[in-house]
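Each structure below is given as C-alpha cells.
Presented sequentially are two complexes of chain A, the first with chain B as partner and the second with chain C.
Take a look at the complex of A and B:
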C-alpha cells in the first residue's frame, strides 16, 4: 500500500514542478487542475482538522470529571452556533459580519495586545546585557524602537541604517537558509526519500 | 469600527475577559479562549464551505465531471477520522505533499532564493554594501552545524575561515532578531493602544 501514495506524490509533484517552470499547452491545464484540486483538498483537510478538534472536546465533555469539560462545552456550542449561522445566512452576510466584527476581531486583537505585556517581561529577561551578543541585540532593538519616536528624531537615520544594513544582512542570510532548507525538503518529497504520507 | 451598541458591549466584555489574564490564569480568560477557539472553528468551517467547496467543487461538478477526482480524494481524506480504517487517506495526503512540495520548491527558488541572491550581488564600493555582502554570507554560515569527519589541512583551513565568518555572521543575525523584536513590540503595543482606545472611546466614552 506504500507504493501507490509514493508513486502519486512523485508523479503529481514532477508534473506540477514542470508546469511551474515551463509554459506548455499540455502541461498548463493539468498543472492548473492540480492546483485547484489542492485547494479543494486543503478545504477537506481543514474540515478534517476541525472535526477532529471537536471530537477531542466532545471526549472531554463525555469524561465529565476533567476540569476543562466546561470550557469544552463552550468551544463546541460556540463552534456549532457560528457554523449553523454561517450555513443558514451564508458567508457574506450581516450576521456573520457581526460575529466577525464584534466577537472574532476584539478577541483576536485582545490576545495580540496581551503579547505586548509578555514582550515587556521577555525583553527584561532576555535583553539584560550579559555579554557582547546580548548587548548587540539590545542595541538594535533600542535603536529601532527609539528611532520611531518623534521626540528622538536624530535616531531615525540610525534606525534606517540598522534596518537597511546589518539587520537586512542577517534577515537575508536567514531567508536564504530557509529557502535552501525548503528546496532540500521538497526535493526529498519529490524523489520519494521522505514519505510522511506512508506512515 | 462598529457602531452597534450590543456589538460594542460584546466586544468590550470579551476584551476585558482576555485582559483578565493580567491578574493570572483566571477562568474568565479561559472562557475567552474557549469562545475564540469555537468562533474560529465555526468561521473556518463556513469559509471552507462557502469560499472553496461550493464554488470550486459542488457548483461545478455537473459542468466539469473531472472534479469527481478531488471529491473522491477529499472523501478518502475524511477516512483519516477513524484510526481503525485502512490507510486509504494516504493517497490524498500524498497528492497534497506532491503538489505542495513542487510549489514550495518553485516558490522558494523563484520567490526567495534567487531574488535574495540577486539583491546581495551589489558593487563593493561602500561600507554599507561590503557589510551587507559579508553579513549575509556570515549569517548563512552561522547556521552551519556540520563538521567534516576527518579534516585535511586544506579543508581545516576552510573550516576555520567558515567558522570565524559564521561567528561574526551570528552578530548580524542577532541585530536582525533585535530589530524584529522591536518591530513586533511596536505592532503589539499599537494593537494594545487600539484595544484600550476602543474601551475608553467606544465603550465607556471617557475619551473623545
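Take a look at the complex of A and C:
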C-alpha cells in the first residue's frame, strides 16, 4: 500500500521540478494546477485546524477547574464570531476589514511593543561575557551600537566593517548551508526515501 | 510521444541550469553514501550539543512526569519553507517515540494548518508502531492560531501564535521547551518566556535574522542548517545519514570553489 502514495509523491515532485527547469507548453499548465491544488489543500487543512482548536478549547471549558477555561471561552466565541462574519459577508468585506483594522491590528501592535522589553532582557543574558565567543559578540555589539551615535563617529568605519565583512560573511555562510540542507531534504522526498506521509 | 519530443526541445534558462547542476551534483555523493551505509559503513557525526541534550531530555521528563513542549514553527508544507517544517517533523517523530516509551508524550503546537494533519499522523503512527495505539491523543498536536498572512506569503505574522505558546510555557508544567522550524521575530517572545522560567530550551531556525534570538534565549541552540541534521542524529535513518553526507560533500566543494575564485580575483583582478 505504501507504493501508491510514494509513486504519486515522486511523480508530482518530478513534474513540478521539470516545470521549474523547462519552459514547456505541456508542463506549464500541469505545474500551475499542482500549485492551485496546494492552495485548495491548505483551505481544507484550515477547516481541520479550526476543528482541532475548538476541540482543545471545548475540553478546557468542560473541565471547569482549569484556570484557562475563561480564556478558552473567549477564544471559542471570537473564533466562531469571526468565522460567521466571514461566511456571511465573505472576503474582502467591510465587516471583516473592520475586525482586522480595529481588533486584530491594535492587539498585534500592542503585543509587538513588548518585543523591546524582551529584547533588553535577552540581550543582557546573551551578552554576559561568559567565554571567548560571548566576549567577541559583546565587543562587536558595542562597536555597532556606539558606531551609530554621533558622539563616537570615529567608530562609524569600524561599525561598517563589522556589518559588511564578518557579519555578512557569516550570514552568507549560513544561507549556503540552509540552501544545501533544503536541497538534501527535497532530494530525499524526490527519490522516495523520506515518506512522512506514509507508513 | 509528442509530449516527450516537446520536452526534449524545451529551453532551459541559465539560472535553472545552475540549479539543475547543483541538484545533479548532489545525487552522486547521496547515492554513494546510501549504498555504503546499506553495506554497513559507519559515518562519524560531529557532536551537536543540542541533539545530545534532546536525547537526555526524556529521563528528566519521565522522572518529573512532565511533558516536553515542541513548536513546529510558523510555516507548513507546500511553500518554500517545507524543508524547515520537515526538519521539525523529524524532531517530532523522535520526541513522540521517546514520549510513548516514558508515558510523557510531547505537547505540540503549530501555526500553519497544513502541518497539523501530518504532525497528528506521525504521532498516531509512532503510537501504533510502539503497540499502544490507544494512548494516542489527537489533541496533543494543537493549531494555536494560524498566521493571517500565510496565504499571501508576503510577511510572517505569527504573534497570535506566540501569545498562545507563551501562555503554555508560563502556565503548564513542562520538562523542556523545544522549538525547531521556521520562525520570525516571535521566536524571541516565546524563547524569552521559556528562559525566564529557566526551562531547558533546545531550538533553532534557518532564518539568519532570527539566529541572535536563538542564541540569546536557548540553552542549546541549533544554528542554521543544523536543524536539517535532526533526522540523521536522532532517527539515524540511512536516507538521512546519506543526505547529510551529500550535504557535507557539497559544502566542501562550494568552499573550494569559493576559495579558488577569491584567490583568482585577488591575484588576477576582475574575472
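Note that the second predicted complex is superposed on the first by the 181 of 199 C-alpha atoms of A that agree within 3 Å, B and C clash if a C-alpha of one lies under 4 Å from a C-alpha of the other, contacts with A are read in each partner's own complex, and residues count from 1 in each chain.
Just so it is clear, a residue touches a chain if its C-beta (ideal position, glycine included) is under 8 Å from a C-beta of that chain, and two chains touch if they have at least 3 such contacts.
Since this is a predicted model, take the numbers as computed values, not measurements.
> Would you sort A:171 into first (chain B), second (chain C), both or neither based on which partner it touches?
both
> Counting only touches as set out at the top, which of chain B and chain C does A:13 meet: first, second, both, neither?
A:13: touches chain B, not chain C.
> If you stack the two complexes on chain A, which partner ends up touching A:102: first (chain B), second (chain C), both, or neither?
The first partner, chain B, only.
> Which partner chains sit in contact with A:193 here, chain B, chain C, both or neither? Use first/second/both/neither.
After superposing on A, A:193 lies in contact with chain C but is clear of chain B.
> Kindly classify A:41 by the partners it touches after superposition: chain B alone (first), chain C alone (second), both, or neither?
Both partners.
> Quick one: classify A:25 as touching chain B (first), chain C (second), both or neither.
After superposing on A, A:25 lies in contact with chain C but is clear of chain B.
> Examine A:113 and indicate which partner it touches, taking first as chain B and second as chain C; both and neither are also allowed.
In the superposed model, A:113 contacts chain B only, not chain C.
> According to the contact criterion defined above, which of chain B and chain C contacts more residues of chain A?
If we count touched residues of chain A for both partners, the winner is B.
> Taking the contacts chain A makes with chain B in one complex and with chain C in the other, which residues are shared?
On chain A, the overlap between the chain B and chain C contacts is residues 20-21, 38-39, 41-42, 45-46, 48, 50, 52-53, 55, 68, 71, 100, 104, 108, 111-112, 114-115, 119, 123, 171, 174-178, 180, 182-183, 185-187, 189, 196-197.
> Mind pulling up the chain A residues that touch chain C in the complex?
Result: residues 18, 20-27, 38-39, 41-42, 45-46, 48-50, 52-53, 55-56, 59, 67-68, 71, 100, 104, 108, 111-112, 114-115, 118-119, 121-123, 125-126, 171, 174-178, 180-189, 193-194, 196-197, 199 of chain A touch chain C.
> Provide the residue numbers of chain C that touch chain A in the complex, in ascending order.
3, 6-7, 10-13, 16, 19-20, 22-23, 26-27, 30, 34, 76, 78, 82-83, 86-87, 89, 93, 113-114, 116-118, 121-122, 125, 138-139, 141-146, 148, 151, 157, 159-160, 162-163, 167, 171, 185, 188-189, 191-192, 195-196, 206, 208, 211-213, 215-217, 223-225, 227-229, 231, 237-240, 243-244, 246-247, 250-251, 254
> Of all residues in chain B, which touch chain A in the complex?
Going by the criterion above, the answer is residues 2, 4, 6-8, 10-12, 14-15, 17-19, 21-22, 30-53, 56-57, 66-67, 69-71, 73-75, 77-78, 80-81, 86-87, 90-109, 112-113, 116-117, 119-120, 128, 131-140, 142-143, 169-186, 188-189, 191-192, 194-195, 198.
> Touching chain B in the complex: which residues of chain A?
1, 4-6, 8-17, 20-21, 33-48, 50-55, 68, 71-72, 74-83, 85-87, 90-91, 96, 98-117, 119-120, 123, 133, 136-142, 144-145, 148, 161-180, 182-183, 185-187, 189-190, 196-198
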